[in-house]
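Both complexes shown next keep chain A, but they swap its partner, so chain B is in the first and chain C is in the second.
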Partner chain A sequence: MLALDIRNLNKKYPNFQIKDVSFQLEQGYIMGFIGVNGAGKTTTIKSILNMVQADSGEISILGKNIAEHETELKQDIGCAFGDIDFYTRSRLKTLTGITKKFYKNWSDETYYSYLNRFKLDENKKIAELSTGMKVKYSLTLALSHGARLLILDEPTSGLDPVSRDDLLDIFQELIMGGEISILFSTHITSDLERCADYITFIEQGQIVASSEKNEFKESYRLLSGSESQLNEVKGKLISCKINSFGFTGLIHARDIDPAWSLNTAIPTLDDIMIYFAKKEGVYV
Partner chain B sequence: MNVTISSTSDKPIYQQLHEQISAQILGGELESGYCLPPIRQAALELHVSVITVKKAWEELERNGLIHTVTGKGCFVAEFSPDEMLRIRNEMVLKQMEGDIQYYKSFGLTLDEVIALLGKIY
Partner chain C sequence: MYNLVLKDLKLGVNPWFFILPLILGGLMLIPGWVYFLVPLYFCFITVPNMFGGFKSQNDLIFSTMMPVTKPDIVKSRIAVIVILELMHLLIAMIFSIFTFRLYPQMTYIFFPPYMGFWGLCFIMLAVFNLIFITMYYKTAYKYGAATTASTAAAILFAGLVQWAGIQNSWMHGIFYGSGTGNAALQFSILIGGILIFAAFTLMAYRIAVRRFLKVEIL
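After this line comes the complex of A and B, so read on.
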């Protein structure tokens, strides 16, 4: 079953739009949602949750259309948007007390186990928490009501390496049973290299690719050679960097001509994001 | 079963997994009938994605090294010494093909390569 099925999502703002966004996440897997700042990650995520009204498109979660079953489906979704910056004068206890009333399947046991794991003190006020602690608290809330789909916007940002590692462990523990699915956006691509099964890459409001992680990386190559060889391949490169040693550029694996005597390597997720961002620079 | 994964290596992780486990099976360390850990548990413990483990296990199955019993798990297959030799040679040859490109790029002849290999083997 598909945990998340997004088809032809469109949303237009005066200076920005997401255009024909479509991707699917199979139940029981982790998908990383990547793209530079302003690429449309948060807009997409907010549209999924109906927090911004999309102009058109269809979204199904766990097999049900969200437009028709919104209240019901939201019981099954856990979401977190980085840290919490509302009701900062309230104690965690108070905020939890309010949040839990909305969820039928709220589990105090789960909640306290995460509080313990994250070393959070229930009697503290939101304002007294560090950024990382706020992120952990918002994740605790997202994880405590038996959600089957977690939609997390940059959950690892603001966390130290130890907490990030622990959070990724939690993600992998959660999907162990094959029941829970996770979609999370991030800039920290090493997190994805470790635990993501699928990658969806958005750029300027459009999905560039959405596929299994290795397939995604292997559909591109880093090509390097001398400056004189550049002319031969330039038209096919997504973008390139030139220095005194020659050039390095990103190319679609399918565009590679076996006759070229150039070095090729599989790019990292960072490489792909960087070279795609450079492409835009060319047109400006 | 003993596996070390390097995230900085050029080799995809599923391939590292596949190679190390194959070597242990073909080297006799993992005996036939040995039960591999379930995919999702292995992913959690090795800190890699579920699909990565899945791919490695599938590759092992394709090479005839393990077989899946639905509902029970993946087990190291039984094979004759001949078969073992054939699979081992296949894998070694595949690795050599890549290495040979490197030696050729220096313009070495086969005899020169063998002589050099002899020095360090």
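After this line comes the complex of A and C, so read on.
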């Protein structure tokens, strides 16, 4: 079953547009949604949550159209926005007391078990929590109402490496039962190297690729060679960097000519993002 | 809808704004004052502070993340406004009973607080609601222009009817003179005011929902 199914999503702003965004997330997996700042990750996520009105396209969550079943589906969605705080002068227990009334599947038992696990003090105010603790609190709320799809917008931004590592372990544990799925937007791609099953890469409002993580990485190659060899391959490179030792560029694996005597390597997610960001014009 | 109202009452609205009607109600004890100012303080103080709080606390995103519809978000917010408005008016009305007891021989320059006057207050807040709510829900966070325009309109209404009450003998008769002894007339003005308040607020709700459905929650 698809936890999330986005087809041909379009949204036009005066200076930016989301164009034909389509991707699917299978239930029980983690999908990393990557792209540079301003690529369209948050706009896509807000469209999923019906916060932004798409010009066209269809969004289905757990088999149901969000536009038609918004209230019902939001019972099954948990979200966390890394950089937004709500009612920061309120205590956790106050905010929880209000939030739980909205959800019919709320479980106090689950809530307190996560509260203990994350070492969150109910009597603290939101403002007193560290960034990592805030994300953990958002997760606690999401998991306590039995969310089956977690939509997390840059939840690891601003976290220290230990908190990030901890959070990624939690994400992996959550999907083990096969019931919970996670869409996780970030520009910190090393997090996804560790925990994502699928990668969806968005660049300037368009999906460049959406596939299994290793398949995604292996569909590209980092090519390096001397400056004199550059002319031979330049037309096929997505983009390249030139330095005193020669050049390094990103290329689609399918475009590699076996006759070339160049060094090739599988790029990291960071490499792919960086070289795509340097690319000019329209995508393949 | 009920949960959203509860959320506003417990989280969004500072308890001070529930105490304020009691304090402002005390202003009704000032003899012969411009009593229109008592409900107007709701527009001057409560509304900008309360909506400033909603904006700074990111209430809009919090509410839209909950499993509720956009019309419910508007409906609950209007319910909170109406609850506070009714608190202001009802408490002021109760204080006005003591005003008449304290100053039985008072000669009023401005409207004395009979039932008819409270009917006018309901109409004044109806005007305020219609303008404030509809303007606010163009963005669902910008409250400055909406507060200014709606408060100005409410003051204008109050100023005009007060002027008419002083200058026009028919109006004067209803609100100061022999009409004040006519319980049926006074009561019907009050009921009329309440009906206008309900109609304008309902109209504001419908327009606000239409506008809010187009608002992008950024």
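Things worth noting here:
Here, the second predicted complex is superposed on the first by the 277 of 284 C-alpha atoms of A that agree within 3 Å, B and C clash if a C-alpha of one lies under 4 Å from a C-alpha of the other, contacts with A are read in each partner's own complex, and residues count from 1 in each chain.
The working rule: a contact is a pair of C-beta atoms (placed from the backbone, for glycine too) under 8 Å apart; a residue touches a chain by one contact, two chains touch by 3 or more.
All of these numbers come straight from a predicted model, not from anything done at the bench.
Contacts of A:81 after superposition on the shared chain: chain C is touched, whereas chain B is not. Using the contact criterion defined above for the overlaid structures, shared-chain residue A:64 touches neither chain B nor chain C, since it reaches no partner.
Of the two partner chains placed by superposition, only chain B is touched by A:29; chain C is not. Once chain A of one complex is fitted onto chain A of the other, the partner contacts of A:72 are limited to chain C, with no touch recorded for chain B. Within the superposed three-chain model, A:99 lies in touch with chain C and out of touch with chain B [touch as defined at top].
When the two complexes are overlaid on their common chain A, residue A:278 makes contact with neither chain B nor chain C.
Residue ranges of chain A in contact with chain B, taken from their complex: 28-30, 168-169, 172-173, 175-178, 190, 193-198, 212-214, 218, 265-266. On the chain A side of its complex with chain C, the touching residues are 46, 49-53, 70-75, 79, 81, 84-88, 90, 94-95, 97-99, 101-103.
Contact residues on chain B toward chain A in their complex (touch as defined above): 7, 10, 12, 14, 40-41, 43-44, 47-52, 55.
Listed in rising order, the residues of chain C touching chain A in the complex are 3, 6-7, 10-12, 57-59, 61-62, 64-69, 213-214, 216-218.
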